[in-house]
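Both complexes below contain chain A, partnered by chain B and then by chain C.
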Partner chain A sequence: MFLEKGKISNFQLGLLIIGFVFGSSVIISPGQGAGHDAWISVALGLMESLLIVWIFTTLAKQFKGMTIVEINSLVYGKILGTCISLLFIWYLFHLGAMVLDNYASFFKLEIYANTPRIIIILALVLVCISTVGRGIEVLARCSAILVPITILIAIADSALIIPQIDLKNLLPVLDVPISQILWAGHAAASFPFAESVAFLMVLAFVDITENVSANFLKSLLIVGIILIIVVARNFAVMGPMAAITNYPSYLLAQAIDIGEVLTRLEVLIAVNLITMGFIKVSVLLYGTVLGLAQVLNLHSYRPIILPIGILMAILALTTFGNSVNMLNFAQKGYPVYAAFFQIGIPLITLVVAKLRKLNPTGGSKA
Partner chain B sequence: MIFLLLVGFGIMALIQVPALVRKRWWKELICYSLLWLTGLALSVIISMGIIIPPISAVLNKYITSALGL
Partner chain C sequence: MKRKVKAKIYLTILLILITICLAGCWDSLELNKRSIVSGLGWDLDPKTGEVTFTVQSIVPGGGQSSSNISGQQQGGSQTRSIQVDKDTGPGMYDAITRLTQHVSRFPFYPHTKVYIFGKEGAQYGIYQFFDVQARNPDSRPNALIVVSAEKKASDIMNIPDGLEKIQAFGMAAEINLSAQYSKYPAVTVFDFQKRIMSKTTAPIAPIVGIAKEIGSEGREIKKLRVAGTAVFKGDKMIGELNERESSGLLWAINKVKIGFITVPEADLEVVKAKSKIIPELQGDKIKITVEISEDSDLVLFKRRQDITVGVVRELEKDLEKEIKNQVMASVEKSFALDADIFGFGEAVHRKYKKEWKELQPKWDDIYPQIEVEVKVDAHLKKIGDIYKAL
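The block that comes next holds the complex of A and B.
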């Protein structure tokens, strides 16, 4: 069942992954729970996520040209497969709402204090709805323009702050209890790296599938290394304050002052959040509507984009209630909640597929 | 506020329903209508100031109490 006729190249997929993983991590630093050892946690999280990515790209390679919804139907049968697919679709939908909430909270707190949250959310969601309606190819082309700009801004920001870096802020290394570092590492894997499990809805549309695994891992390594540098930079400049600030990268960009000429560069961080947030929400909305259309056996996913997008915006308005709930969920509940979707579903599906000896074309050998 | 919501959701319906009826995509029309009605109902509830339980916070409460985090 091909509801999507578009195809994207391996290069476009790579950029889409980088943009997706950057997403809200442009402003929210992963691994903050480990204090000044956060960069170690992010490195550990990256390693854990490489393993997770290997699991789900192996699954995608075994079932070429199929989304996770189609794979579930084949591996578990119609009824159980549909139930598992609906759970996975819920995760994509919920994650999209959480990204929208992060986006709105940042703009409400730092830039548009008097603008209602719903206006900030709708402004982004409507653009995402329009893009998803034009298919995966258009979204991939958008990422080819936006992602290199974001990487350049991240590098420029880091270069301009070099005079204020004090490496003593990163010492002593491994001062934080190892259990805390490991938990923060797992939290860093679940947000943002392993969230790329959403690409199980996209990998089916890559034109050449031979190098997908290597390409996926390469993209994740690139974004992972950039994030490690960004997190280490934040702590090296801000010290312990980086652990208690909601948006350390934004605060740090405010401190850039080159000869009183290059100042107020924090707006570039906000621009990065708009562009990368757009890519992340679009991929999640795309996965949600495509998955639902496949589960319900619809002719096209396009008729349900608008209502699903609006429902995502409504969920974003109500998902946390306040920022204390958001922080609590991010640090405690989310790494456990997300593990089921990021590790549980792909791993169990892969094991069941191997046990049932299902071949790549979809038939059973037995 | 509720009037604005009705106008917004009315425009949403005007954009897509005629095309779905013309193509005779009844299953898509049913899905669209259900999602549209859910969105409208939730929007009206929120605009009336009725508090909807925050889903992520509820999930967090269950997960942390179950695992003793």
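The block that comes next holds the complex of A and C.
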């Protein structure tokens, strides 16, 4: 069953991963729970996520050219496999809705105060729907344009704020209890790094599969290092303020002032969120519809893109009433909830596949 | 083939038209519907708890010389370039909404340069304001914090500054200039937030007051003047530093950039300065060493005498003594106020994070007992174009 005829190169995959992991983390700092040691938490989270990525890329390598849905039905059999696949698809769908929610909350608060939420969300979702309809190749090419811009803006922001950096704000190192740092580290792994488990729906379409694993880890390292720098910089400039504000990078960009000429650059952060949010939502929507199409044995995933996209928008509009609920879930619930999908499913599937000694090339019953 | 080209052209035109329709956002408010705020004043009446909100807005097209407009309030032929409106209400937003009853345009805050607090309100506590400031996405983190030497913020928001058309911008420039010449600190919202969120460090802010001069025809001229440094404890202003103490504070917290120092025999220009706060725990006692190193140039030598190696050494010694005295003056004042304006507590925290957990709750008791040592390392670099007396 080949629903997707497109192929993406290793390089495009790398950029797509970078864009995906940036996602809403261009505005929401990971590792917030650890105070000014957040950068350590992010580093720990990055390490944890490298392990997670290694698990699921191994799985993808073992079952070349198969998405997680196909792998599941091969490993667990038809019924159980479908159930697990549906759970996984639900995660992608829910995650997409949460990204949309973050996106809308940010714009509603900072930029389009009076614009209805639904307009902000629809404006993004409709673009994503249209892109997903054109397949993974188009999305990958989009990321080749958008991701370098984002990295450039992140670096430029960091460079322009250097005069205001005070490294004393990062001292003393390890000020909060270790357990808190570790938990914040796990939270940083679950958001944003290990969310790249969604690529289990995409890895099947990489044309050269030999060094996918290394490529994946490399991309994750690039985005991880940028995020560590960003988080450390936020705290070095703003001190404790970075720990209590919703959108530290945005607040920091407001503070950039080079000779009263180069000021008010914060909207660049919003631009980053638009482009990276687009990539993240698109990949998640793509994973959701492709997975559903495979589960339901459809000939094409295109007819269900629009309804699923709209449902995603509706879920985003109705899940969280306000940002306090969102934050509460993000800090307490999400790291546990996400761990099941990010670590649980790939790891168990890998173990079961090993135990059943499946020969993937022969298993073409899906 | 031709039809295809034609269709493409139509499509391009359509796309361009669509962008025109889509540009702009839901809540766009044109410039002629906004009043651009240059300075904000905030007062709180300690007795009633009522908040007074003062808005200094820029008058569009104001400040130009024109004879046909009758708004000649400041004499001469200039129209006024700012307008100050204020209103009072039981809460901050009551005051702001009441403004709409007598202001024709909606205030637009992102260009605000200074936040001014009346002395009374500052002494009562300004947490409310900072909460609103941090919560509101319209506010800027680079605005300056100012405490009015007068009772009310509005008292100093109408005093014109001769050079700048927009008074608040002039006030901000004065504060930045006096900070550049190491007289008084310039405190941005970020700086203030950092200090207010620290459990021990006391926030500071420059005080701006009115200086009266007798001008020609015996007329009294009022001018703005940076006149001190307000010291806060938590969010309440508890005292102020004078000029000398303010300089001492700047020396200790590594905020001296350039400036002039007068010693008995000479005037010197500071060209480079660096300071470091080094805490040390000695049993129960805390010792703080403030290490200052600075380079300065000789700009005036009062004795009619050649500059010799001995004189240079003498001047350096005088300089070190003077800087030390300035720092000690501010240290003693801060001990008297029991307000940790230097961030000694945070310095201890950075170095002794384990002990800090016990020290922090009783820091108020510990602070005045700290032993402070100031070590100054002054260097005379240039002596100017002459090396012998005239």
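In this text, the second predicted complex is superposed on the first by the 361 of 366 C-alpha atoms of A that agree within 3 Å, B and C clash if a C-alpha of one lies under 4 Å from a C-alpha of the other, contacts with A are read in each partner's own complex, and residues count from 1 in each chain.
Note that in this section a contact is a pair of C-beta atoms (placed from the backbone, for glycine too) under 8 Å apart; a residue touches a chain by one contact, two chains touch by 3 or more.
From a predicted model like this one, the values you see are computed outputs, not experimental measurements.
> Which of the two partners, first being chain B and second being chain C, lies in contact with A:E137: first, second, both, or neither?
A:E137: touches no partner chain.
> Could you tell me if A:T115 is touching chain B, chain C, both of them or neither one (first, second, both, neither)?
In the superposed model, A:T115 contacts chain C only, not chain B.
> A:L171 contacts which: chain B (first), chain C (second), both, neither?
It touches chain C, and chain B stays clear.
> If you stack the two complexes on chain A, which partner ends up touching A:L296: first (chain B), second (chain C), both, or neither?
first
> Figure out whether A:T245 sits in contact with chain B (first) or chain C (second), or with both, or with neither.
The second partner, chain C, only.
> Determine, under the contact definition given at the top, whether A:Q254 touches first (chain B), second (chain C), both, or neither.
After superposing on A, A:Q254 lies in contact with chain C but is clear of chain B.
> For A:T319, is the partner it touches chain B (first), chain C (second), both, or none of the two (neither)?
first
> Mind listing the chain C positions that touch chain A in their complex?
So the residues of chain C touching chain A come out as 25-27, 110, 134, 137, 140-142, 190, 193-194, 197-198, 346, 349-351, 353.
> Mind listing the chain B positions that touch chain A in their complex?
Residues in contact with chain A: 12, 15-16, 19-20, 23, 25, 27-29, 31-32, 35-36, 38-39, 42-43, 46, 52-57, 59-60, 63-64, 67, 69.
> Can you name the residues of chain A that touch chain B in the complex?
94, 98, 292, 296-300, 303-304, 306-308, 310-311, 314-315, 317-321, 325-326, 328-329, 332-334, 336-337
> Could you list, by residue number, the parts of chain A that touch chain C in their complex?
109-116, 119, 164, 168-169, 171-172, 174-175, 237-241, 244-245, 251, 254-255, 257, 263-264
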